[in-house]
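Can you read through this structure? Questions will come right after.
The letters A, B, C, D and E name the chains in turn, as written, and every chain counts its residues from 1.
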Amino acid sequence: MLTIALIFVPLIAAVIVLGLPQLLARFFAFFAALVELLISLVVIFHFNKLQGVQFVFDTPWIQSMGINFSVGMDGISLLLVLLTTVLTPGILVTALRDSTKPSSYFSLILLMQSAMIGVFVAQDGFLFYLFWEIALIPIYFICLMWGGENRGRITLKFFIYTLTGSLLMLVAIVYLYYHTPAPHSFALQSLYEAGRSLSLPQQTMVFVGMFLAFAIKMPVFPVHTWQPDTYTTAPLQGTMLLSAIMLKMGIYGVIRWLIPMVPLAVKEWGMTAIIFSVIGIIYASAIALVQKDFKRLIAYSSIAHVGLISAGTLTLTSVGVQGAMIQMISHGVIVFGLFYIVEIISERTKTRELPKLGGIRNVAPLMASCFLVIMLGSVALPLTSGFVGEFLLINSLVQYKLWIGATAGLTIILGAVYMFKTFQKSMSGETNSTTAQVTDLSYHERLVLFPVVFLIVLIGIYPKPLLDISATAVNDLLSVFSHVSASAN
Amino acid sequence: MTAYLFYFLSFVAIFSALLVVFSKNPVYSILYLIITFFAIAGHYVLVNAQFLAAVHVIVYAGAIMVLFLYVIMLLNLNKEDEPHKSYLAKIAAVICAGIMMVVLVASLRGTMQTATKSGSEIGFVNNLGKVLFNEFLLPFEISSILLLAAMVGVVMVGKADHTTQPQDKK
Amino acid sequence: MNALYIICGTGVFALLAEVFSWKKWINYVSLSGLILATILTILDWRSVSYRFHGMVYYDHVALAFTALILLASIFWFWMSRDYFKGDEHTTDKSALVFFAIAGAMMMISFNNMAMLFLGIEVLSISLYVLAGSDKTNLFSTEASFKYFLMGSFSTGFLLFGIALVYGATGSFSITTISESTSPLISSAITGTQSIPRFYFIGMLLMLVGVAFKISAAPFHLWTPDVYEGSPTPITTFMSTVVKIAAFSVLIKIFSVCFARYAHSLQLLEQGLMVVTFIVANIAAVRQKNLKRMLAFSSVSQVGYLLLAFSSDSQHSSGVLFYYLIAYSVASLLAFAVINLIEIQKGSASIDNLKGLFKNNPLMAVAMTIAMFSLAGIPPLAGFFGKYLVFTLSLSHGFVALTVLAVIASLIGVYYYFAPVVVMSRPSDETLSISKSDRYLLIILIAINLLVGLFPDLVRVI
Amino acid sequence: MIPIDNYIWLSTVLFSIGVLGVLYRRNAIIVFACIELMLNAVNLLLVVFSNQLNDPTGQVFVFFIMAVAAAEVAVGLAILVMIYRKTKSVDIDILNQLKG
Amino acid sequence: MSIKAMIFLIPLLPLLGFVLIATIRKRLVRGFAALIGCGSVFTSFIFSLVLFIKLLNGAEPFNVTYFSWIAAGNFSASFSYLIDPLSSLMLLIITGIGFLIHIYSIGYMWKDEGFNRFFSYLNLFVFFMLLLVMGSNYLLMYVGWEGVGLCSYLLIGFWSKNQDYNDAANKAFIMNRIGDLSLIIGVILIFINYGSINYADVFPKVTEGSFVLTVITVLLFIGATGKSAQIPLYTWLPDAMAGPTPVSALIHAATMVTAGVYMVARNNILYTLSPVAMELVLVIGLATALFAATIALAQNDIKKVLAYSTVSQLGLMFVALGVGAYASGIFHMATHAFFKALLFLGAGSVIHALHHEQDIRNMGGLRKYIPITFFTFLVGVLAISGIPPFAGFFSKDEILAKAFEHNQLAWLIAVIASLLTVFYMLRLLFITFYGKNRSSEETIHHIHESPASITIPLIVLAVLSAAGGFMGVPEILGGSNWIEHFLSPVFAKSHEVMTEYTMSHTTEYVLMGVIVVFTLVMIALAYVRYVSRARVPASEGSELSVAHRIIYHKYYIDEFYESIVVKPFYWISKLFDIVIEKSGIDRLVNLISESLQDWSNRFRKLQNGYVGFYIFIMVIGVILVIAYSFLK
């Protein structure tokens, strides 16, 4: 029932928010998100680390098509649910004082939350697809209605891009569905079995379809071109939703729906996918280096980071997958903070052009310090959250192939290059006319950024609780995998 | 004898049908159409559909054709200077219709060499009446709806509104 | 069957109303007539029967489709109240609409070519007139004329086809025709046990006639012009009631009547489908007039229906039914909004949607849901429709065609989202909406969501 | 006697001439007339088949076609009159505002 | 207080100091911040001393685990500290010198607006440095390793308004990161090959050399070249002088840059078993020692000279490591920490006195104005020059002796490098403190000796530099080489593996004598050139000889890196951004949409509004449909 509550509380709240006057709506939305957070904490409290899927709710839904409303959480789901429930109140807080956003904006954010949680807890292929697609709609509107210039074209591109991917995924899921024993079923386990029973060429087809969907969502080179534009044009909260939570759907998809489903193909083609991901790391880092737009730069950095996560995940080692899990959490928190700081700066200086900035740390030392810590998290300095994940991921990649690991490791250098350059250009130096008026963080902004900074350091120093949550689930996932590939050999 | 008659009537029908198309004056066209209809009525008689032939003449030659002519006269269209399509379009039309005919004939070729029956009595009015008012009662009633609809429609469309002005919204 | 009487009766009543000055009641009578007919149709559910010497046949499919068009008509009537107001032709229009509905009902339940022909003609003749009913508007006249000319031209092909089929089988009855093509029964006309070649040609020519009615490419060219020119309520009527009726004709003729030859026509149907997909979707991309865009959209939706139908003509009626429901609801919703906009702003240009999200969120949301549903975005009804179509065609192994359809639906997103994008642009103009229309939109949205979230509700039928 | 093929061909030819007329002419009235020609070709075919099959329903069907043809012509000409009032022309191609 | 808690507190106190100063720095008065900063480090120093004494008294190394840090799959790393003689010695150096430099900073930074911030960074640095040496596994060492890099970055760019300083800071961090990447991959390879990253688990498993081991050691060493400023990653260190002088003393002379030495010494068994890596260490060490020494000859910035000297001396330490004389390396590291810190602080005092004048061409004759600074600086110079009995003599001599045992050529190069050191250090001394004063009247008027907080650390360090060598007096001079004995448990395993060289005492005496003689010659040369003839380096812009110019421009290495690494990388980035991203992939994606629009327009023309045309198309459709019958 808790799972159901997690999905429906924001959904119902979203509807209620629509009907409320503006001011009330904001606080109600925030309140709902807090309730949601509370529920997720209760879930963690009751969560048994040694078990697989828990909090299951399963009821027939569309019987004629073998679709069940089946949800549940294991450690992997739970971590991402937690990420969602933790970040959503934060996202709402950032919009709390923005008078240009009507109640529908808050409603859409809540709707988005509901759909994303749905994606993370779905235990039925069709349900997963549905939530996957539904999550696209609120974010589309958030970007379309409140976005920057060219938003019509850019959001459409984003939508069609992702829709292309998800249609391929749908085809793959349906294909598997027809390989389940009659009466066909979309249940996760049946799909697993169906997928594993396929021959390698068949698995490869499914792999291509699904991986493309996930790769577009993440996004992985070379299907990433929607991302910088969309991140740049979306309003702050949209960017946060997209980068902090939504792109995790892609990686989650790989972990939950791809790896156990078509193990042979993953093994066969994993290398190719990893190479693309690693190319993406270098490529995006290089491009980030020459970006002038602050937001765009972070968008590209996000591609680089996600490339590493994706590559690590596909090494199929528990180090890699665990690293991916922790890095997803960390990346979520970090980009949340980064984008917020970008917003604060651009709100005060009316520009996001890096060459026009400079010397902010002289007038706003607190902001600079927060940015510094978050940036350090982003460049994976030890004792920040970024390090734990990045180390595990690079570790898994070195285990996979030394040269791949070494190439992927370049992110350690390149990330530092562009992030430190950014810090230098924006924060250091003499204050100029654009940045002279910048005031330091308000209490409201501190309320958001301090927890972010705190989380980054906390996870960096003591990531164990998080790693423990997903450990069992990851091991289950991979043990099944090794069993299958062993029997296939 | 019947064969000659058939060929004669066919010739008349096709020839006047072609003239319908190619006559410059619309009135002539309609008149040629009447000739075609009469030829077709002749065919009806040949295949023992005497009652239908009569109805045909009454309905087509009597009513429909009169309607056509009436409209032509009403609109004062009995001129030869109506706009014509370009030669290219005309050639294309001829070629297109020709191909259609060829394709149709080709696909219908060699179907049956059975001769037409003669002396059948099904064309008589009593036979037709039985069928029409038993089996086909519903369609018959429906055709009344059809005519009603057409009537209403014609009245509605044909009635000149005072507000009617050519206007172009674009 | 009784429903047909009621509808015809209501039509006649409308005519009498002119005479006896019952005009003020006409809307109530019309609406209650429709509701009564719907109820009667649903009550007939258990009595599957032939009526009038086998002229009509009410099976479950026919009843379901009849109920669907009657329900669609009710919403249509609700939506287009204004169309009947303040005009000297109120009664004429009502009568014609009811005759058209009656024609559509005949097209659904016919069991004899004569009924088919008359049904089509009753429907068409009423529509020719209705399309031109906005006499002050030259576009309306043009639409009416084009529709009439092409419609009667295509009727010629349909009749030629019927004649050839009659010649080969000796009957107009659907039942007889479907049986007479059995190899065991000798041909009525040749006396041999082979079906004459022109039977097949007749089938093809009938397909041409039907393809025109459902506006499958390349016989769709009338659709955009007529949809654009006709008064919006009539456009709505064409894209919902008429389309449903035309599709049920397709189903009846090619999956019942010519069931035995369904296989040999498959390739042709698929060819039509491919052309339809390409032409309609690509042409729709750059439309600036909403009605015209929706016309191309309706043509492209025909592509999906044809995909389902051609994949498995015998068992596709369930899928087609669901798809048509989804499509009609979305169309009604879209046209309801367009109608309101056109009334207030004078044209259905896409630019008139500007600022709608801000000025009238309900209309904007309704339009969005309609567009999303047509584009097939989950969890709306349109998505399940497409999903069913794709799975049906995939399960019959038509991978390439499904991929084409998927690409088509991606292009679809391109143009269906254009209005949504325009609505998000800022503008100061305001639009009002009456309470009744508000309810209409809300109910239609609810239906769309309900059908989308619980497709089993429909599938149990 | 005359082979039935000949009748089929005859009506095919007439039908095609009707189609030709529709394609060839711009005068709406003549176009209507040509459509009537097409319908008559169908009628002829039906009558011949009816005779051949010894089945009166074919001829009954012809009645319906005639009724419909009459109705159609009436409606069509009414529309034509309406157009003529507005454009002073019966050219089928003069109305081309709806396009694109 | 239990040992466990004490060990825990050693790094924690500076961290707490950092947190405290950082969070409330705005409201904190300077004196209090200084108190927190110095107090925390001093307490750590006391604790370190306690531990050191315990170890000295024969206690077993302390290995304490606090909590499991990262655990995923078969990988696990815990937060645990190892205190053995090596790390204990390091602790003393870090906290001891750290404390002195904290004290010094009070005086040096008093007037700076970022005083509190400075102290917070310093404390943070001490924390990370302690973590580096105390960590009982590679990952924790890596944490400290990166952490000190961060602090180095923060402190180099301390005066952040100056973008040149920020560039220097970025350069330092990024060059360090290059090394760090190599290091972390080395660590991962260790994990893969030995199944653990704890020193205690790994070292016993390393029993014989292998290719992988060579790869690992080379990777680790590349990490060391980054941190310890060896060829090819040394160029950041001279630039790092942009930071405040105490920072240069603490981070870029005494502690952080020696992390590489510490790391190699810590992993001595790994290196001992991979001769290739050893040779690499030796070669790089020699090359760096010589190379940096030559550059230092022509530098005019007082801190730059010291920076290159540091690079050179670090090279010498790696020479020691490369020949397997780990203890000697550590010994030299310790003495170097004393005298180089002293020299930097002395230089800082000079700079302080001259109001931030760093160019030695504008100095001269300062010994009269700032005598304490002069004398302490003199001690430092003598120590680094290896004049007996100053600290540098013993440590350097030991390295040279070991190098001679290993390879005479190596010895020769090392000797040349150390003789060059003598020359340029004396050049520095003479130009700065002797001769006429060349600064402006205004400045001369204001020259004054530094306050006590600056001079006291100088004096303490001078004493250490003078006497520090006695902890490693070799046997032939009657000493017991205490430090080697103290550290021997750490290197025990390596010593077992290595073949012991035995060198006759005669040879040793000869070598020692030769070096001393040459050193004196060098001093004489320098004296003649810079005191007697009072030569002053040419001013900016004047003509230089070719060789001089090359050295003056540091062999154009920075320019070389700029043109083969930095610029090409920017070009590639631009290429990716403009060519591949914008006009490649994205263009392709947009092309789909554009061609769709294009085709749409064409299809729209088909719908031309002429009903005749529509019928025409329809008839063609009919023809095609009928033609379909021929297919069947």
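Just so we're on the same page, a residue touches a chain if its C-beta (ideal position, glycine included) is under 8 Å from a C-beta of that chain, and two chains touch if they have at least 3 such contacts.
If you're wondering where the values come from, they're calculated on a predicted model, not measured in any experiment.
The chains in contact with chain B as well as with chain D are C, E.
Look at the CA centroids: the one farthest from the centroid of chain A belongs to B. At the far end from chain D, in terms of centres built from Cα atoms, lies E.
Of all chains present, the one whose mean CA position sits nearest the global mean of protein CA atoms is A.
Across the assembly, the chain pair joined by the most C-beta contact pairs is B-D. The geometric centre of chain C is 26 Å away from that of chain D, both derived from CA atoms.
Per-chain CA centroids place chain A at a distance of 44 Å from chain C. In terms of their C-alpha centroids, the spacing between chain A and chain B amounts to 71 Å. Mean C-alpha position of chain A lies 37 Å from that of chain E. In chain C, the residues touching two or more other chains are 114, 118, 121, 125, 128-129, 132, 135, 138-139, 144-146, 149, 153, 189, 197-198, 201, 224-225, 287, 414. Counting partner chains per residue, chain E shows two or more touched chains at residues 593, 604, 607, 609, 611-612, 615-616, 619-620, 622, 626, 629. Counting only residues that touch two or more partner chains, chain B has 85, 92-93, 96-97, 100, 104, 107-108, 110-112, 114, 135-136, 139, 143, 146, 149-150, 153-154, 157, 164, 166, 168.
Every pair of chains that touch is listed here: A-C, A-E, B-C, B-D, B-E, C-D, C-E, D-E.
Listed in rising order, the residues of chain A touching chain C in the complex are 61-65, 104, 129-130, 133-134, 136-137, 141, 144-145, 151-152, 155-156, 159-160, 163-164, 167, 170-171, 174-175, 178. On the chain E side of its complex with chain B, the touching residues are 612, 616, 619-620, 622-623, 626-627, 629-630.
Within the complex, the chain E residues that touch chain A are 22, 67-75, 139, 142-143, 146-147, 150, 153, 157, 160-163, 166-167, 170, 173-174, 177-178, 180-181, 184-185, 188-189, 191-192, 569-570, 572-574, 576-577, 580-581, 585-586, 589-590, 593. Against chain C, in their complex, chain B makes its touches with residues 104, 107-112, 114, 134-139, 142-143, 145-146, 148-150, 152-157, 161, 163-169. Partner chain C is touched in their complex by these residues of chain E: 593, 596-597, 599-601, 603-604, 606-607, 609, 611, 614-615, 617-618, 620-622, 625-626, 628-629, 631-632.
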